[in-house]
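Shared chain: subunit A. Partners: subunit B in the first complex, subunit C in the second.
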Partner chain A sequence: MPKSTVKLVSREGFEFIIDYKAACVSNTIRNMLSSQGSFTETELGEVKFPEIPTPILEKVCQYFYYKLRYQNSTTKNIPEFQVPPEIALELLMAANFLDA
Partner chain B sequence: MTEKKPIELKEGWGFMQNGIDKLIRVLEGQPEEQFNAEQYMSLYTTIYNMCTQKPPHDFSEQLYDRYRSSFEIYIKEQVIKSLLEHHGEVLLKELYIRWQNHKLMVRWLSKFFNYLDRYYVMRHSLHTLKDVGLICFRDRVYEEIKKQAKDAILRLIEREREGELIDRTLIKNILSIFIEVGTGGMECYERDFEVYLLQETASFYKRKAAEWVDQDSCPDYMLKAEQCLKDEEDKVEGYLHTSSKPKLLKEVEQELLANYETRLLQKENSGCAALLRDDKAEDLSRMFRLFQRIPRGLDPVAEIFKEHVENEGMKLVKEVTEATESKKEKEAGKGPSKDSGTPYEQQYVRSVIELHDKYLQYVSSCFCNTSLFHKSLKEAFESFCNKSVAGASSAELMASFCDNLLKKGGSEKLSDEAIEETLDKVVKLLAYISDKDLFNEFYRKKLGRRLLFDKSSSDDHERSILTRLKQQCGAQFTSKMEGMVTDLALAREKQQSFEEWMRINGKKLRIDFNVTVLTTGFWPFHKVVELALPQEMVDGVELFKSFYETGNKRKLIWYYSLGTCHLRANFDPRSIELVLGTQQAACLLQFNDSEQLSFSEVQLRLNLCEDDTMRILHSLACGKYKILLKEPASKIIAKTDTFSFNKKFTSAQRRIKVPLPPVDEKKRVIEDVDKDRRFSIDAAIVRTMKSRKTLLHQQLVLEVVQQLSRMFKPDFKLIKKRIEHLIEAEYLARDKDNPMMFQYLA
Partner chain C sequence: MDSKKRNRHEQKPVPTGEEPLQQVPSASKADDEQDRRADMAKLARRRAAHFAHFKGDDDADNAADNVHTGSNEARTLGPWSSAVELVNARQKAQAAREDKLQGRAVAAVNGEEDPAQPVPKIQWSPTRDVSQGPRPGPSAIPALFTLCLTVLNEYVDCIDSLVGVPDTIRIKLAAFVCSKRRMSKEVAQLFAQGAPAEVVLPDCHHLDAVSMTDLVQECVTYRLERLELGSCGRGFGDSQAQHLTKLGTLHAMSQLSLGGAYRLSDQGLEQALTVLSALSSLKLAQCSRLTGSVIERLPSLLPILRHLDLHDCRGIAPEALISALPGLSQLQDLRLDGMHQVEDDVMSAIARMYSLRALGISYTQVCHKLYMIPVTLFGVSDQKFDFTLFPTMDRHQIIPIPYVRTSYLFLHNDKVSDVGLSSVAAGCPGLQALYMDECLKITDAGLLALSSGCKYLTVLSARRCTKLSDEALASVVQRGTLQRLLVSGVHGCGVRTMQALALNCKECLEHLDVSFCRGVTEQALGLVADSCRLLSNLVVFGCSHVGNTFLHGHSNDRLSEVIGIGTILAN
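Here is the complex of A and B:
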């Protein structure tokens, strides 16, 4: 299992480098990364999302980290994940696409 | 957000089909690059888009169907063709490769079509993509190929059984297909493979067993059988599924062992009996292990074991009986027979102990201490231990054996530990004898003699055997004997206080006078013999009586036959100290007054019966030491004989013991025991009836037998007689309606 990082590329070509673990919050990304036969050795896996605009992808990455941070926490005071309403719809569609 | 143009089915699917073909090419091993992230993404995105489009462009259903059909096409075109070309082991290899490929394909495609799984499948409760793939494989490939695959595998297994090495991993892999195809259940595996496997196994071993049973001896056969079982287990470990293990082993056991069990055991020179005879411990353990696996397999083995032990026991009995018979013939007419202390009989008890040890060892080591074998051992011993040996019962022999161990100068010279051990074993053997009360009586008599004549070698041993007997047979058994041992201690104290009393009161006796006071109930003596004592002794008796009556209100009964006397006899050459019984001493002292006496005179003066007088005179005149001279000088006492003091008697020792041979008490003991038994039976009957009030004859008898079984085995006729007796004595009554029923009369 690659223990390093993953690069997510948005529609506009912006590159977001996040942890492998964070990326796996999305089942889609996880499946993709795990079925790449020749992938195990490479340091940096790259996934392109020509459908997803940059601000959405950015929010998505933030969500990955948010999820990871509070996944196993049992306390009740988890801060809310702020979603600006303008991007809400697109964010929803991206989430659907990514299965996260 | 830009509105995208909806993707048409044909267009979208064409794109997908390319991806699928590429995958197939990869699987077939053709030169093709692996998928990279971009291609993956585009395939996935295509599917995503096609499914999320608004109807009528929502192509989820079509995509689902085409997913399935792509599998089917692939299988039909490529897979089946290649599989049908091959046979046997090659087929299996090919099958495995195909299966692996298929799994890979399913994985990839389901990743691409993943979106379908998430919503479409759920919504319509269809099989997931993975399942679809599996089902395709199962229906198209598996169903076609399973028979051939199964045959190929069984062929391989058979070759392995014959000793070849085969590719185990291959079989394991193929069987995993069987299992996986069953989607969670084992039905495919069981139905399509296991059943045939079991059949094959059974027929294979049937053949082998038939061969081996004829050729091999029992231990060899067992070795082979054990080996086969191990091999089959190995197979299961190696490549079969664990659930097959018990079924497989059961088949093997059935064919190899169950079907031939009786034949094997009965085999002439190598069957179970022979193994026991030759003490082949290892073979016996193996036999035990093997037959333990089949239900009721051990019963015949236990039977044979029991028979064998019984035979060994009966052999011993016969040996001893014959030896004593021949010895008795030789010694006929030598005088009153001694009670069973002959070396043969001692040897018998010792051999029985050894036999018991040996087979107990067998039971614990070879037969793993199973209760079944303990039971057989017990029954075997019970059967021959209760047979009479050389005219005496085993109970008596054991009592004399113990006597020998415990007395001074007995024929056993063993260390303390050895004695303890042997005593332990004898007590264990006692458990097998049904007439325990007979043993009790004999033992008590001998114990009495040992204690009184101070012949016991060690007080500790006496006590230890009593504790053991108490543990084994209950406190009631040993209460009297313990009483006896304590009595002696008390009596010694009493004697000391008597001497104190004499000193205080200034009384003196001409002789040293020693009295041992015993409690009647504990000691087994019955006959009171009136003896006319010489004056010195009479004084002592009177004095003691007066001493005793100062403290106690009890009546004293004097047993002179059990006392010992030390006399100094002044013979011409020199004086010798004689240790004799009181009766003998009284007899000798008569000769102080007169030179010569006839038999009848002696009898008169001693006030004894004829038999006793005969015995006494015999010991003095015809025994080893001729203290009296007899006329005529023959070996047998007649009423017309006369006796005189032998002045010329001498011996190298300063002190000699003149033993008085005891009366053969065997008959007496048996009579006493019978009497006691009658009382016990009466008591048991009354006890039972009191608690039950009414009872059928048969049940009553059963109850009574059970109650008394700890001490002895009651005779049915005797019980019946006692019941009649109790009816006459109005303890019980026959029921008016049912003559077989009894009622308790309060």
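Here is the complex of A and C:
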């Protein structure tokens, strides 16, 4: 039974509590949370990412909310999502894993 | 022109005292006029020969009315007059064309055409409120992966190293950087560091010999499984191929692709292949210095080779191919596109390869002389496939060969005719994909044979085969297995084919290309879009009659991208 919020845990143990809908922007998380089998994630509503560092996971959560907010917006001036170049490579790997 | 002027002066009547002076200028003016007309007529005749060469796609009966040939007057009046006439007649000709198509389309909608074969009526009205406007785009927001790729591409010079990045991501990043033209020597080195298992660089034209040597030395390790260097000719020569051998036999290496290695010669390649005995896929596109000697040794060098792509290697002697190809017993996929030396004898050698599944011989001589031949042999091993056994047979026929496992056929030529196609259809019942673009001689008979022979056809590409008609296409479609149908430029394609698609290919059709088929109405397209729920790609270049009624009125959510709307046939 889908809860309204989901907890994402980074490599260092930081917990990010975000909306269920925001987390479902990522296909990987959506599959983990809505799977038919009994994953611990489904029951507790918590997903651990031991390979994703904290600043990267924070940026990922910002992207989830950005996408949720502007997905169906038809305005012309959608602000750009800034990706600082220093974290771009690790963010790329995280995005590849999360399928976002 | 000077000689003509001299002639004119010689022919001009010498004025004597008796003739009134006024006659002389008028006589010369008439002469001038005559000569100028003659000159212009000669010029027009010369130029007209260029325009009068038909490929046979226009209807023969309409040749007289064809505005592009101009009338008889135009020839004598000169090129300017014919040009003006063309401009004036263009509008009229376009209107006449529209009427013809609309007449046909209207008749199709009303079912008025041939009482013997009633054209099906397409009753379709928009199933979605057209006034709602266009669907929301697939995503105005790019994926996070794409965003990161863009940023990385901008700062690619500042990347220190890619150690720790998995190979799949490296490949995607390399492809993106190459497509944005930011690949350079230093950047290429990044992708080779860290002993990756796969090094795929689609564009290596920046690398000269020295940097290519560095790259090869860096990436050749015992872990290397796949090495693909596109457009590498500038840097990749024999010495670089020699560097591949420095570690001895590379057991893990299974795929090698050297695109455009025009400096690679036989000796260099042979040296490299001696250490790569575990190769299963070898692609040597456009390596023009290769002659037969290394190809002859291929069966012994690479015993388990499964994919061989030698397209555009024009230096390879056909004798080498004949002797080597049957020896590659595990070969499943062979591409010899663009090699003009491939002829009948090479085809008979290919016919002896049992396990071949895919064959590409586009743009080769074989297509001009022999039409397509399906692969493999009759099941009996001592029967040689030899054209001399059939001395009376017209070489322009194809012998149907049973037990064929050909899955893909590429035919791009204008000499393949129905005979060839029906033989192929009879001989390759397992055919899955047929690409016969621009085979101008194929008519309905060939297609009907195809529909009866090949039951598993999933891809049919018959672009610009202008002689095909609606009924024949509909009969192929009725098999119900088509996933991709490309009939761009086939003017005959119309409402009946679309209806057959909507009825039979509901669960399989994914890609449809009906560019320049002006007989396909909006209603027909709407019916197809609503019935085939898997349809995700629709290409309609040049179909200016398809408008918002279809675009906003169909209710297929997967069909997010309709390519080509808004392009019109040039006036």
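By our rule, the second predicted complex is superposed on the first by the 89 of 100 C-alpha atoms of A that agree within 3 Å, B and C clash if a C-alpha of one lies under 4 Å from a C-alpha of the other, contacts with A are read in each partner's own complex, and residues count from 1 in each chain.
In the analysis below, a contact is a pair of C-beta atoms (placed from the backbone, for glycine too) under 8 Å apart; a residue touches a chain by one contact, two chains touch by 3 or more.
Given the structure is predicted, the values throughout are model-derived calculations rather than measurements.
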- Message: In the overlaid three-chain picture, which partner chain does A:Thr28 touch, first (subunit B) or second (subunit C), both, or neither?
- Response: first
- Return first, second, both or neither, reflecting whether A:Leu89 touches subunit B, subunit C, both chains, or no partner chain. both
- Task: Scan A:Glu51 for contacts with subunit B and subunit C and give back first, second, both or neither.
- Result: first
- Item | Contacts of A:Tyr66 with subunit B and subunit C, given as first, second, both or neither | second
- Task: Please work out whether A:Phe16 is in contact with subunit B alone, subunit C alone, both, or neither, and reply first, second, both or neither.
- Result: neither
- Query: Is A:Ala100 in contact with subunit B, with subunit C, with both, or with neither (first, second, both, neither)?
  - Reply: second
- Note on the structure: Where subunit B and subunit C land on the same part of subunit A: residues 89, 93, 96
- Message: Quick check on the complex: what are the subunit B residues that touch subunit A?
- Response: 1, 34-38, 40-41, 44-45, 48, 52, 107-108, 111, 114-115, 118
- Item | Residues of subunit A touching subunit B in the complex | 27-28, 31-32, 35-38, 45-51, 89-90, 93, 96-97, 99
- Contact set on subunit C toward subunit A in their complex: 136, 139-141, 143-145, 147-149, 151-152, 154-155, 158-159, 162, 165-166, 168-169, 173
- Can you check the complex and tell me which residues of subunit A touch subunit C? 60, 63, 66-67, 70-74, 78, 81, 83, 85, 88-89, 91-93, 95-96, 98, 100
